[in-house]
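Structure in C-alpha cells, see below.
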C-alpha cells in the first residue's frame, strides 16, 4: 500500500516520498517497506536512526526522521489500524465438511460447522453450531465441542473430552492423554513390577478457554481434569490428571501443574513455574517465573517467587545474602582487630 | 445410571433419592450427577458440604450427607468399580487397515494389527502382531514396532526407529528427530561457520515403555539413543541424542536429559528437572523437581534437589540461610555491645 | 556387514573372528553385533570389558579385547565412516506431489519440490525450488517456504508464515500460533473481563535455520517475530510474539524467550533457561542452563547463570555461602569464648 493511501486511511498527513509499505515494525527492527510509529519525544534518536520506510508521528513532533513521515493525532492508534491492513488475511473457514474428512455417521454436526481436510471424528461425538475444526484434527469417541469453538490443525482430543463454547485450541494441543500413574514395588520373589493405573476420567474445558500450541492436558484418573471458563493457557504447558483450574486464570508458557492440584480464580502462573501435586493455590495468587510451589498457598501472600516459592521480600533478602554476608564478615574482622588491640 | 442400580453393582445399600449418576468426582469438586466417596471420618465436614448427587460411605459412617448415600464395605474399592462404569468406553481398535492409510507395499504387518485413517508407513517397516497404530501417525522407513504396542494419533517415528513390544506411545510424541549437534567456529577469512553434524544413529525403545504426549526423543549421533524396558516417560520430556536410560525408571513431565547421559535402573527424574550431558546417574537415584544435575551421581546420595543438585540436608541448610544469617547478625551485634560496655 | 568387509572399507586389518556387524556403539553400551572404537590407552579396561562384537583400535594398541579387533590408523575417523554405513538410509524424497495432498490451485510450487501424503497447502502460498515438504504437514494461507528447505512430517505453519532457504524444520514444530496477549480488568459493574488482543503479525524465519521437534514460535502482535539466519533451535523451545533473534545463535532444549525480547548475534541460550520479555541480550552472550534472565544483558558479562542470572563468580560465591557461613559462625563462637575468657 502506498504511504499516501495509508495516510488517508488513518487521517494523517504525508511528508516525503510516497513509498510502498508492506508491514508494521518497531523503530529498531523495522526495515525497508515497514511503517513504524513513535509518540514519545524521548525516543527522538530511535526515530532518527530507524530503517523504516515511513513513520507515524504526532502532529507536533520535533525532530528528524530519515524516511517519510505521516503525522497523525495518535500514532499508536494509527499503527493499530495500519497493522490490521497489513495483517495476513484471516482465512475464511466456510461452513462445510471437507470431502477427505473421515467422520463417523453417528457424529452430530451443528449448523454451520467447518471441518477441514484429513480430520477424523469418531463415533458419538458432537460438534456445536458454528465450530471450526481445521485440517488434520483427531477427535476421538464421545467427545463434545461447544458452539463457535475454533480448533486449529493437528490437535488431538482423546475419547470423552469435553470442550466448551467459544474456545480457541491451537496447533498440537493434546487433550485427554493418560495421566502419569503407576503402581510399583517388589513381588514376593524380589522382582520389580510397574503397573499402569487405569486413567478412567476425562478432560473438561469450560467456555472461552484458549490453549496454546503443543500444550498437554491429561485425562483424570477418576472424574475430570477441569479447566474453568475464560482460562488462558500459553504454549507447552503441562497440566496433570485431576487438576482443577477454577477459571479466569492465566498459565504462561512451559509452566506445569502436577496432578490433583487446584488453581483458584484469577490466578497467574508465570513461565516455567511448577506447582506440585495435591495442593491448592488460592484465588488471585500469582506464581512468578521459574518458581516452584511445594505446598498450598492460602492467598495471604499474593505473589510468590523462587524455589521453594516465597514472598518477594523473602526472595529479595535471599538474593542479597552474599552482600550481607560480606558486610557481616567485615564487621567481625573489625571487631576481632579491636579486641586484639585492647 | 440410577443410584439404585449402582448400589446393587457395588453391593451397597442406597439411602435417599434414586438419583441419576453420570460420573465420579472428589468430595470438593463433585457436582450434580456425580458420585463421590469417603472413608475417613476426619472428612465429615467435606461430606456434609459436597455437591455430589450421591456419596459412597462406610457402613458405620456417622454424619450427615446432603445427598443420597450408598453404604458399602469399602468406599474406595466401590468408587473404582463405579469409575470403570462411568469411564468413556475404550475405543475398539479392530484388526484391519483403514482404506485411507498409505502403506508401502514392502511393509510387513503382523497378524491382527490396526492401522487408522491417514496413517503413513514407509518402506521396509515392520509392525508386530496385535499392534494398534491409530490415525494420522507417521512411521518412516525401516522402523520396527513390537507386538501389542499402541501408538496414539499424530505420533511421528523417523526412519530406523525401533519400538519394543507392549509399549504405549501417546499423541504428538516425536521419536528419532535429529539431535542438536553443530560444529562452529571462524574460517581463516574471519567469517563464522555453523555446520550440521550428521545424526547417523537411531532411537531404540525397549519393551513395556510408555511415553507421554508431545515428548521428544532424539536419534543418536552414532549408534542408539536407548530407552530401556518398562521406563515410564511423562509429557513434554526432552531426551537428547545418545542418552541411555537403562530401564524401570520414571521421567516426569517437562524434565530434560542432555546428550550422551546414562540414567541407571529404577531412577526417578521429577518434573522440570534437568540432567547435563555426558554424565551418569547411578541406579535408584531420584532427582527432585526443578533440580539441575551438572555432574555424575554415584548413588551415595539417593535423592538430590536444587541447582546445582545437592542432598536434601544441604538443600535444607541453604533454604534456612536467611534465618541463620539474621541470628548470627544479632549475636554479633550483642557481642559488640558487650565489648563496648567493657 | 562382515567385519572383514568393513576392515577393507576403513583400510584396517582384522584380527579374530569374521563377525557380522550391524551398528556402532560406545564401549560401554555396545552389544552383540556392534562395532565399537577406542584410541585412548587410558580406556584399556573399557575395551577389555566391552560387549561389542568388534572394536576399532590403533595399530599400536597394547591390551586385550574380548572380541574381534580391526586395527586402523585413526579409530575415530574409521568409526565415523562405519557409522555412515550402518546409518538408516536417508529416505529419498523425489520431486513430485503425493496424490493425496490437498493443494490449493493458487499455490506456486518451485521446480523439483516434494510434497508428501496428506499434506495441506492453502491458497496463495509459495514453495521454493527443491523444497521437501513431508507427509501430514499443514501450510496455511499466504505462506512462503524458501528453496531447499526441508519440513518434516506434522509441522504446522499458520497463515502468513515466511521460512527462508535451506532451513530444517523438525516434526511437530508450530510456527505462527497466536501469541499470549489479553487485556483484562474489571468493568464498571465489577465484573471481570478478559479480552483477546488480536495477533496481527507473522513469523519470519531466516535462511539456514534449524528448528527442533515440538518447538513453538508465536506470530507477532504487530510486525514480525523474527529468527535470523543460521540460528539453531533445539526441541520444545518456546519463542514468544515479537521476539527477534538476530542470527547465528543457538537455543537449547526447553528454553523459553518471552515476548518482544531481542537476542543478539552468536548467543547461546542453554537448556531450560528463561529470558524475560522486552529486554535485550547483547551479541555473543551465553545464558546458562536453567538460568532466569530478568533484565537486559549488555555483554559486559559473557556468561550468566542462576535465577536471577549473574556472573559465574557471583553464582559460585552464592553456592559456597553455606560453607562460608559455617566458617563465620565458628569464628564468632571462638571470639565469644575469647572475650568471655578475658
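Order of writing sets the chain letters: A, B and C. Residues in each chain are counted from 1.
In the analysis below, a contact is a pair of C-beta atoms (placed from the backbone, for glycine too) under 8 Å apart; a residue touches a chain by one contact, two chains touch by 3 or more.
This structure is a prediction, so every number in the text was calculated from the model and none was measured.
**Q** Call it same or different for chain B and chain C: same when shared residue numbers make up over half of all numbers used at their interface.
**A** Different: when the shared numbers are divided by all numbers used, the fraction is under half.
**Q** In degrees and to the nearest 5, what turn takes the CA positions of chain A onto those of chain C?
**A** That rotation is 120 degrees, given to the nearest 5.
**Q** Using the average of all C-alpha atoms in each chain as its centre, how far is it in Å between chain A and chain B?
**A** That gives a centre separation of 22 Å.
**Q** Please work out the Cα centroid separation of chain B and chain C, and write it as a whole number of Å.
**A** Distance between chain centres: 22 Å.
**Q** Would you pick out the residues of chain C that each touch at least 2 other chains?
**A** Residue numbers touching two or more other chains: 100, 118, 136, 154, 172, 214, 236, 254, 272, 290, 321, 325, 328, 332, 335, 339.
**Q** For the complex, give me every residue of chain A touching chain C.
**A** Where chain A meets chain C, its residues are 23-26, 28-30, 34, 79-80, 83-84, 86-91, 98, 100, 116-118, 134-136, 152-154, 168, 170-172, 208, 210, 212-214, 230, 232, 234-236, 248, 250, 252-254, 266, 271-272, 289-290, 319, 321-322, 325, 328-329, 332, 335-336, 339.
**Q** Chain C touches which residues of chain B in the complex?
**A** By the definition above, chain B touches chain C via 100, 102, 118, 120, 122, 136, 138, 140-142, 154, 156, 158-160, 172, 174, 177-178, 180, 182, 192, 194, 196, 198, 200-202, 214, 216, 218, 222-224, 226, 236, 238, 240, 242, 244, 254, 256, 258, 262, 272, 274, 276, 290, 292, 307-308, 314, 317-318, 321, 324-325, 328, 331-332, 335, 338-339.
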